[in-house]
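Structure provided below as structure tokens; questions to follow.
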């Protein structure tokens, strides 16, 4: 089912939280809504599922205009960050609830619940109460409950935020697997870039109530439309150098570091103020150009090591390299920089 | 100050949580206590700081036996997971509290607090209430409060668990920096391996109330003493293959995958049941031996891509590779395996 | 928590300030099985005579079982009304869009301040207009209504603590708001209902002034009236120990409830105040 | 003939098991009436619904509110002082419109009791019982401080003549105390709570409650001052504690009936309590009783009676009321009333009652009737008397306990009376 | 977005609103109305009638109504003449009896009803019932004395018949004075404001509320904190003990205190044994009476504070307590610096809530000292209750009582509004999050 938001605007007591947003979620895709806290992700979700009334605009499910329908009539499944399981009901009853209020036959309910429980691997837990489940299991129950009535669209509001690191990893693939198996249209709200990138077909990055870029994860990582998006994706984060184009194809940072520009942007006019985005993997691994600096911080992470390198007064690049090639704290280094991959933005942060 | 736990035992209502533990924390080092939830990390910490009474054993701070001293007389600084800031006091008052109850002069208090606030970079926040601070700032205040009275030892109970991913990253280096600058002996409790590895001089891995291995992060990652430790470190986690030594220097998994053993273990007797530990970076990057399989899951993570590869019925290896070399879901592949780096354990999981 | 402080000085102070209560209740209990006269420090003469009223309706206490039953019905009805109306009203006020919601809430809070018994002449007139004067139904309705502001406020507090997500999930799952309330919210505020129910019951059980004033001649005699009767010293056959015994009998169910549900009772302000 | 069915309800205040004939008498009367009717050839069925209230405050409240809602009982048994307010409120029917006071049995009722049942020129109630408030002395103690048997027997007369005053009493009990016969501060044990008794002391010091001429209430400052002073003196003398008021009835009954006090005052009906419950076997051998002695030359020995009366409410039809009145009238037959009088130790309401054997055999009843009742007066039937009543007691409490001086207490009482009643009350100052 | 009124919401609150309107709002409004009347048990509540009584006539003559009018009104005489006989027949007096009256008594005049009654009793055909006789007598008199006229017009008419040439002003005054029901007046308030007693009661009330409050809060705090630190069982025992007064029926509770403090009570007996002054502590002296009053109420209220404070205490994360211990704080410093500051809101809440309950509480005082000795422990609510509802002599002053109650209501409302501000009431009413 395709979901369409047209000119969606939402105000809380005069404060406009989302202003005239247009968003299409394609049939069967998993779209991640990624953005910093407070940018309006949940608000968008609540508008789609009919918990909030929207102030203007339309919401279409397929061809159907659901703008003024209450939640009960929209057939959306939502998984909340806190799972919102009904604590007094067993897992079975939790999952059965949407069917029960729709007055399904007991036999049908039983069948459907067991089917979805199998899909979400919680078959053996059906008799338990939510309090007796681990976080990951609760998560699965919430998912099962949202899916059991075959909703037109599945909305996930930071479904993994409450899980610990390991479980989060596990549930990521789990949720994705289920979404793929059921082929349901899904919207995933998150502020975790890894989550967004690893789980979704497309990512919509939001900032301050507007959508900044919609693209596939890969495209967004490699071709962010602005510095905000670039900074949002990538861990350790991208480092920026501000400076100007000095001569055709060369850049000089404020701190005086000179770096050749990638070929595709060789034509930038001299004197133009730009910013260079340098992801940690661009620096210290391979590349033609060598950049000198001093290691200001080393962090071992088992398989990899992460360095902060000061390349000039107040200018810091990050580098991530396989474990083993140990440079010590304070050591002066000269590492390769993969200049072709550099991301270039104008002074307003828009990608060039 | 060297801390020594000798034969430390702790029981809660007959259940022995920690049994006869011996642990030395060297002067000035940062020791990470790493282990799964419920293994007794906090219990150990509480014993050191005197919140719990211990049931048998001794605790020495330097040469001083503190076993029966209440925490007020032990001079330990503790940073709790929830920070445990006093919500009704300003940041200044929070930090000043340990000095105040020791009846320091107001002028001294002021000086000390400002000094420690500078060290922890919270100088400008002194007038605020904890509720007006971000998580990271609260964290720093808690740290400052623990440090201000120059404790003999600094205890950190999952200090980063409540922070979001980005802040966690930042605070890791921050805490480490401060610990290094002050040279204080510190114990860091965590169940996050990355944290333990990146922050500490040595890691003590705990399981079920006992210490399994103490070593530097590097050593522990590369030479885990058993499968539990090996599985605990590394992200994505290590994969194990169970099987037997078939002929000198070769291994055959239950599922029938044959792999050459590293040279150093060529002498293992034939027919011995062993387990192979294969970290994701060993597979798919470089190596002499090529292993075939089918990609069962792909996860883009921006800079890297993570694959699950089924190499035989029920046997799954993980691989992590730089982004770009895209293998699709379900694709049959044959990737190099760095056999020299393989970790080998006997059937009880003890490293060989 | 470490126990690194001397317990006994605290215990001693606690004991001293609790002493009047310990003595009063101790002697109250003793008085029921002894012939101690008022003013004697040491109890004397063990007897079960005081408890004869349980089987013998010819004592001053009359037919105690009928009165006990009546009291149960009385307190039970009050509890029922208070619970139902507070459960519905509290929900509406906490969660639903109502005109003048703030005003209503503020008035409910203000109603705490009413010296309710001094409204009794007004209440009397209302009862008379409605034909409920001198009926137990009238007294029950009045008593329940007087408890309502408290009940609604408490329940509102409890509803407030239920995460909105539960309700949102319910609505998503296709349930109507009424179903959501009944199936999802009510079970969540059970501790509140239990505590409020207990409070209402205890309050109804102990009520004395209202039945006395608003249903003076009703045959539906509750225990507080019986106790008052037995405790009237102007009677020729006034017996202090009988009075105490009836008093203990009267208090006993309350004590039992209390002993069993102490922690539930403690919950009463679970949703109420901010910390 | 067609059967006539009536339901007559009766409520009695301040009543317990021992005084249940207040309502049972109506049942007996109903039975008699039915029989008489049957003989006349009429069939009348009367159901009598009865209700006893143990206290007064709640009873009066109940009656007031019930009357307001039109559900008051047909017959109300209450203190005569309620006639005033209730008549004004229109709650009552004048009983004289329904029964013949010139015929048996009403024509033999004591005139002063009928007077007490009248208000504004009409007779509103039929006396139900009478009592008298009495002063008691413990004979043995009197003997121990020097009285001869004869002197003791003559005491009532001396009191009546005003020769033996309240202050004489204080001296005597002080002597008893000093002799160790009674405990310190237990010599004199007055009533422990507010009640008509204290108005007797007001009268002992010359106070009047109503002005004969104008019918207005009187607030006699001098009498009040003397009376308050008397109790203060008693405290000073050490025969009664400053903190006496508000005690426990049970204790009080136990003390006075076993000679723990030298002198006290109570009601005629207490006789039943002491002899039946407190085990006082030889009442007349141990106790001598008198009127309340005079306090000073202004005052006189007196007693107050506080009769209860049968009142007809305005509930129900005129026929109901007529029947109710008929029943009340029958219930006032000496024989029936004697049941109540003797059982509850109250006094007769009519002259003929003394001839009823049950009553005549009761020495207490007969003696008290003869010796006390003729000298007894009653509280005024005035709608506003309650105000004075409350003010007087508050002042008494305040001065007795030493919270305020006598003068201040009188002042405060006057203040509240005057502010509430204005010129409906006559304040008498000084001698007159 | 304008919020949409929820129909379900209206449905769900309606029972509450209806009950509150009937049993709370209406009585409150009525109380307000009553407070401007002189309503009492002698005026009745629902209204009065017009009656001329001998007492009234006496007062009227004092007030200067002309003696002639008074005389005429006082006249109770009965006359048997054509007119009255016809009236009697019309009123349904048995024909036989009427005939006999006509034949035997015609033309006679009787000065009082007893005279006429005696005359009638000589007749053979008189009705047997006194009531019927009385009814038969009525048409023969024009007296207005002691007759209840249900309407003012009837009263006026009757008076005009008896005194045809009455002066209009006099008539007006007589009619007005003869009304027995309640009248509008603001006297209740002026009485309250001018009476010196008021000031004392106000002072008493303030003293009572302040002291009891202090007791409640301090003891409640002490109990909550100590039971928090004590082992669970011991703590549980004490909280149980302290909750008892709250659940004990007040009648019994009051008697227990009496037993405890009477002059033969436990304390007095014990004091006697110890050679201390032994007397009725409850009523014996002003200080001891106040102490008892405060304790009686304080013991009930302390448990309320204890419950709330215990809850709030448990809400303080235990890590904070650990942290403070690790920081070196002693137990007392922990209480002083960590616990108490965080109980600020609960303390404020208990204080305000209890102020209101104490202001309106009277039952315990009523059943124990009843305001004594000498009204020294009387508080406003008790006075209001006694004035309006409880009086041995039965004269209940509803109007004055209502005015007193209203003063309390006003004070309570002002306080509540202040508290609502204080507790940032706005934060307690968040907007519904589901907008459909």
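Letters A, B, C, D and E name the chains as they come in the text, with residue numbers starting at 1 for each one.
Here is the rule we go by: a contact is a pair of C-beta atoms (placed from the backbone, for glycine too) under 8 Å apart; a residue touches a chain by one contact, two chains touch by 3 or more.
Heads up on the chains, UniProt names are A, B = ABC transporter ATP-binding protein; C = Maltose/maltodextrin transport system permease protein MalG; E = Sugar ABC transporter permease.
These numbers were taken from a predicted model, which means no experiment stands behind them.
Asker: Quick one: which chains contact chain A and chain D both?
Answerer: C, E
Asker: Which chain's mean C-alpha position is nearest the mean C-alpha position of the whole protein set?
Answerer: Chain C is the most central one.
Asker: With centres defined as the mean of C-alpha atoms, identify the chain lying farthest from chain A.
Answerer: Comparing chain centres, D lies farthest from chain A.
Asker: If you average the Cα atoms per chain, which one ends up farthest from chain E?
Answerer: Centre of mass proxy via C-alpha means gives B as farthest from chain E.
Asker: Looking at B-E and A-E, which pair shares more C-beta contacts?
Answerer: Ranking B-E and A-E by C-beta contacts puts B-E first.
Asker: Centre to centre, by mean C-alpha position, how many angstrom separate chain B and chain C?
Answerer: 55
Asker: Would you kindly tell me how far, in whole Å, the mean C-alpha position of chain E lies from that of chain A?
Answerer: 68
Asker: If you average the Cα atoms of chain D and of chain E to get two centres, how far apart are those centres in Å?
Answerer: Here the centre of chain E sits 27 Å away from the centre of chain D.
Asker: Nearest whole angstrom, what separates the Cα centre of chain C from the Cα centre of chain E?
Answerer: The answer is 23 Å.
Asker: Going by the touch rule set out above, which residues of chain C reach two or more other chains?
Answerer: Answer for chain C, listing residues that touch two or more other chains: 2, 4, 38-39, 124, 168, 171, 213, 228, 240.
Asker: Going through chain E residue by residue, note those that touch at least 2 other chains and give them in order.
Answerer: Those would be 4, 45-46, 262, 264, 325, 342, 389, 433-436.
Asker: Quick one: which residues in chain A touch 2 or more of the other chains?
Answerer: 50-51, 70-71
Asker: Could you pull out which chain C residues touch chain D in their complex?
Answerer: Residues 37-39, 60, 124, 127-128, 133-134, 212-214, 216-217, 228-229, 232-238, 240.
Asker: State the interface residues of chain A toward chain C in the complex, per the touch definition above.
Answerer: Within the complex, chain A touches chain C at residues 46, 49-51, 70-72, 75-78, 80-88, 97-98, 101-102, 145-146, 149.
Asker: So in the complex, the part of chain C that touches chain E is made up of which residues?
Answerer: 1-2, 4-5, 7, 10-11, 13-14, 17-18, 20-25, 27-28, 38-41, 81, 84-86, 88-89, 91-93, 95-99, 101-102, 104-106, 108-126, 130, 141-142, 144-146, 148-149, 152, 160, 164, 167-168, 171, 177-178, 181, 202, 205-206, 208-209, 213, 223-224, 227-228, 231, 240, 243-244, 247, 250-251, 254-255, 258-259, 262, 265-266, 268-270, 273-275
Asker: Using the touch definition from the top, list the residues of chain D that touch chain C in their complex.
Answerer: Per the touch definition, chain D meets chain C at residues 11, 14, 16-18, 51, 53-55, 58-59, 61-62, 65-66, 68-69, 71, 73, 248-251, 254, 272-273, 276-277.
Asker: Inside the complex, what are the residues of chain A that reach chain B?
Answerer: Answer in residue numbers: 164-166, 169, 172-173, 177, 191-194, 197-198, 217-218, 221, 233-237, 279-281, 297, 299-303, 306, 320, 322-323.
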